[in-house]
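Here chain A shows up in two complexes: once beside chain B, once beside chain C.
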Partner chain A sequence: MSAFLIEARNLNFYYGTFEALRSINISVSQNSVTALIGPSGCGKSTLLRIMNRMCDLIPGSRVVGSLRVFGREIYDPNYDVTELRRNVGMVFQHPNPFPSTVFENIAFGIRIAGENGKENILRSVEESLSAVDLWSDLKDRLNFPGQNLSMDFQQRLCIARAIAIKPQILLMDEPCSSLDPIATQKIEELIFELKKKYTIVIVTHSMHQAARVSDFTGYLLKGDLIEFDRTESLFKRPKDTRTEEYISGKYG
Partner chain B sequence: MTSESRKRNLFYNRLGIGVSRYLTVFTAVLFCSILLFLFYHGAANLSLKFFFSHPENLGRSGGIFPIIISTALLCAVALFIAVPLGIGTAVFLTEYTREGWLTMIIRFGSECLAGIPSIIFGLFGFALFVVTLKMGWCILSGGLTLAFMVLPTIIRTSEEAIKSVPRQLRELGFSLGATKSQVISKIVLPQARNGILTGIILSLGRAIGETACVIFTTGVSIEMPRSLFQSARSMSVHFYILAREGISMEMAYTTALVLVSLILLVNLFATFLVSRKR
Partner chain C sequence: MTIKRHQDAEMAELQGITEEMANFCFTMLELSFQNIGKYDQDVYDRIFDIEIEVNRHQMKIDDLAWKIIALYQPTAGDLRNLIGTIKGAVDMERIADEICTFCRRSMTLRNYQWKELPTTLFDLQNRVKELLKNGFTAIFSKDVVLADSILLADDSVDALFQTLFEWIRDEMKKSPDRIDTLLDFLSMGRSLERIGDHATNLAEIAIFVEKGTDVRHHGLTF
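After this line comes the complex of A and B, so read on.
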């Protein structure tokens, strides 16, 4: 088995006839944070959503090439998608708690995974809320509607929900885009914590955020992965002039 | 926007609100006058005894207890069949098929069913259940026929309710490792619950008051039914017979009063369910 948790080789992706991603090669190693940056519409979300096969849900979409997660081809017809999604959790751009209580939000995934013991579920809820630093705030409000929390709490609740089913990889699609700077900072701190246990791929609009939180960064432009490198090198010594233009703000 | 056109917009807005308010009031007044009319003619016989005793002398006196029970049984059979079938069809149409000729045929068929007058359903139920399947006039024949009649309503309302569940919620379910059937049973259907329930209750309202369908398939027996395989008489049929055959206009009005009040209660309950926050 290779050292990388996620490995794409010559990966192409099509929405119908539109080629959204072209020969992507990317390797994500364990317990690292990988940031995907690039201008709007370049394919960041698409690349992220291929990694847990959420793209399957779009009629007419097609993947060509190799994408290995945990060393196995996930687009193999025999691959168990639900198993994959259990191991590769996802946090969405806008905080999206279910219209139910804090407790139910987290318990959902645990029950889906087949755990029905009350004690176990409660323990998992506590663990995951503690992991996102919400337990002390919410432990007396487990029956509070998730959607009535502040945006910051909602997004952390969503992260807690994702990690409650114990994935190994966390995919985050612009998790801070609807948060204020203080809440953003809290999420970034949380990412540092989570990195110890999870491998994270994060899409972000903000280069500064990428520079702050990630170990590796990939720069996408119109469906091409222009450059993929250690974050430091990519920002200090970009190898491609297009990357340089983008990070120096000359793009567009 | 100029102040001129703003003024005009405001005017139309006010006009719209005014007209719809009048129409609402008109509907309410109409319904109340029907209720009052029935009350005026039928309230004299109304008593607890009317609800809980058997009809005597073909219904000239006594109560309508067996008739209430028969009506309830008919509705129960109809919903027992139509609800799972209707929700299942709606789930199939929205979740398991791409839009195509199959969904088009099913939808078109269901629309057509919705437009068929109930007496035709009655005739069809008579030909199929009573005659061909040799079930005779009985509650089961009637309930099955009623089920066919309300099926399109349940399919349509369930479909709308299911479609109104945001795509993002489904995606979220999948991203947490749910299978398709788990997403449907644990996210989509609970979210669509209110819409689906409304459809069911509207159907119930229709089934309670249905006459033509029932008279052809369930018959007119005034006895207390001892099983689903016996003939029985629903409230609206009872009303029809009392009035039509000149047995007793007073008793007919009292029956109608009970029937209409029941339908009112059912609809109020539907409103309550819809307005209640989940």
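After this line comes the complex of A and C, so read on.
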């Protein structure tokens, strides 16, 4: 099996006749944070979403090329999408807790995954909330509505929900875009902790955030992956002038 | 509320490398002074080896500082700290260079019959050693009061060097046959005086990092 958890080779994606991604080649290493950056409409969120087959239901959408996750072609017609999503969690731009209690937000996925033992569920809830540093704050408020928490807590609750079913990969689509700088910093530090256990791919509008949190960065422009490199190298010595222009604020 | 940031670990690493570099410089200075009169070649070789480590540390500091700036966009105190560290590393690298120059000149004294060091040169050594020690302490302990005292003491180094210079000039007139030795004394004194200047720079950096004020050139504004 490949050393990479996610591997795209000559990957193209179409919305109808519009080519949103063109010949993408990217490899994501285990326990690393990979950031995808680029201007609006460059295809970074599309690339993230097709890693979880979240574009399957978009009419006219089409994937051409190879996208392997855990060494298997995920667009193979026989591939089990439920299994994929159990192993590849997703955190969205806006915190979206279920209209339910803190406890149920976490426990729901655990039950769906087949766990029914009350003690096991409680243990998993505690583990998941602890992993996002929420347990001490929320352990006495497990019946509190998740949607009434602060935005920072809501987003961390969503991350806890994603990791409760023990995925190996976490996809994060601009997870800090609706948070203030302090909350953003907390999530960024959390990403650092999470990468010890999970492999993370994050889409961010903030190239500074990509620089701070990631090990690898990919710069996309108009559907092309212009440059993909170790974050330190890309921010110190970008190889492509288009990357240089974007990260130094000269783009557009 | 203070949040522990990932970049703090990198800043701490940078501080560690910088302190190590300072220790190397101070060790070089002490060894070079202790070796006066003995002129032991092994000690000189050790000093020159340490200087290579000092250079290596400066490169490490520059690279890590570059990384921190590129990845974390530091501001305020972090930014001052980084600028101060890069500038301080330049001073330390030059201090190490001056110590090597001092050593190379003192090595040649072995060849002379008349090589007794003038008292003023010893006084200069002691003063510079104290200034440099205080300069490092001011930077690493963020001691602005100590840094201020270094700025005031810099004149005493200049005064000692002036005294040494006048003595050398007079000796040259009296004993032209000793001119080679005297020129080496002058070069050694010049190196010490420059090390004193670098110690003053370190004090100015300490004040800049801690207070954000530029006290170079006696408070010149622009």
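Criterion: the second predicted complex is superposed on the first by the 252 of 252 C-alpha atoms of A that agree within 3 Å, B and C clash if a C-alpha of one lies under 4 Å from a C-alpha of the other, contacts with A are read in each partner's own complex, and residues count from 1 in each chain.
Basically, a contact is a pair of C-beta atoms (placed from the backbone, for glycine too) under 8 Å apart; a residue touches a chain by one contact, two chains touch by 3 or more.
All values derive from a computational prediction rather than experimental measurement.
**Q** Is A:D76 touching anything from chain B or chain C once the two structures are fitted on A? First, second, both or neither.
**A** A:D76: touches no partner chain.
**Q** So in the superposed three-chain picture, is A:K236 touching just chain B, just chain C, both, or none of them (first/second/both/neither)?
**A** Second partner only.
**Q** Quick check on the superposed pair: does A:D137 touch chain B, chain C, both, or neither? Answer first, second, both or neither.
**A** A:D137: touches no partner chain.
**Q** Kindly classify A:A162 by the partners it touches after superposition: chain B alone (first), chain C alone (second), both, or neither?
**A** first
**Q** Quick one: classify A:F108 as touching chain B (first), chain C (second), both or neither.
**A** First partner only.
**Q** So, does A:R85 touch the first partner chain B, the second partner chain C, both, or neither?
**A** The first partner, chain B, only.
**Q** Quick one: chain B or chain C, who's touching more of chain A?
**A** Between chain B and chain C, B touches the greater number of residues in chain A.
**Q** Thinking of the overlay built on chain A, is A:N52 touched by chain B (first), by chain C (second), by both, or by neither?
**A** First partner only, chain B.
**Q** Quick one: is A:I182 in contact with chain B, with chain C, with both, or with neither? Answer first, second, both or neither.
**A** After superposition on chain A, A:I182 lies in contact with chain C alone.
**Q** Using the touch rule from the top, collect the residues of chain A that touch chain C in their complex.
**A** 182, 185-186, 188-189, 192, 208, 211-213, 231-232, 235-236
**Q** For the complex, which residues does chain C have touching chain A?
**A** Listed in rising order, the residues are 1, 3-7, 66-67, 70-73.
**Q** Note which residues of chain A are touching chain B in the complex, please.
**A** Interface residues on the chain A side: 52, 54, 57, 59, 82-83, 85-86, 89-90, 92, 96, 98-99, 108-109, 112-113, 161-162, 165.
**Q** Using the touch definition from the top, list the residues of chain B that touch chain A in their complex.
**A** Touch list, chain B to chain A: 98, 168-179, 182, 186-187, 191, 278.
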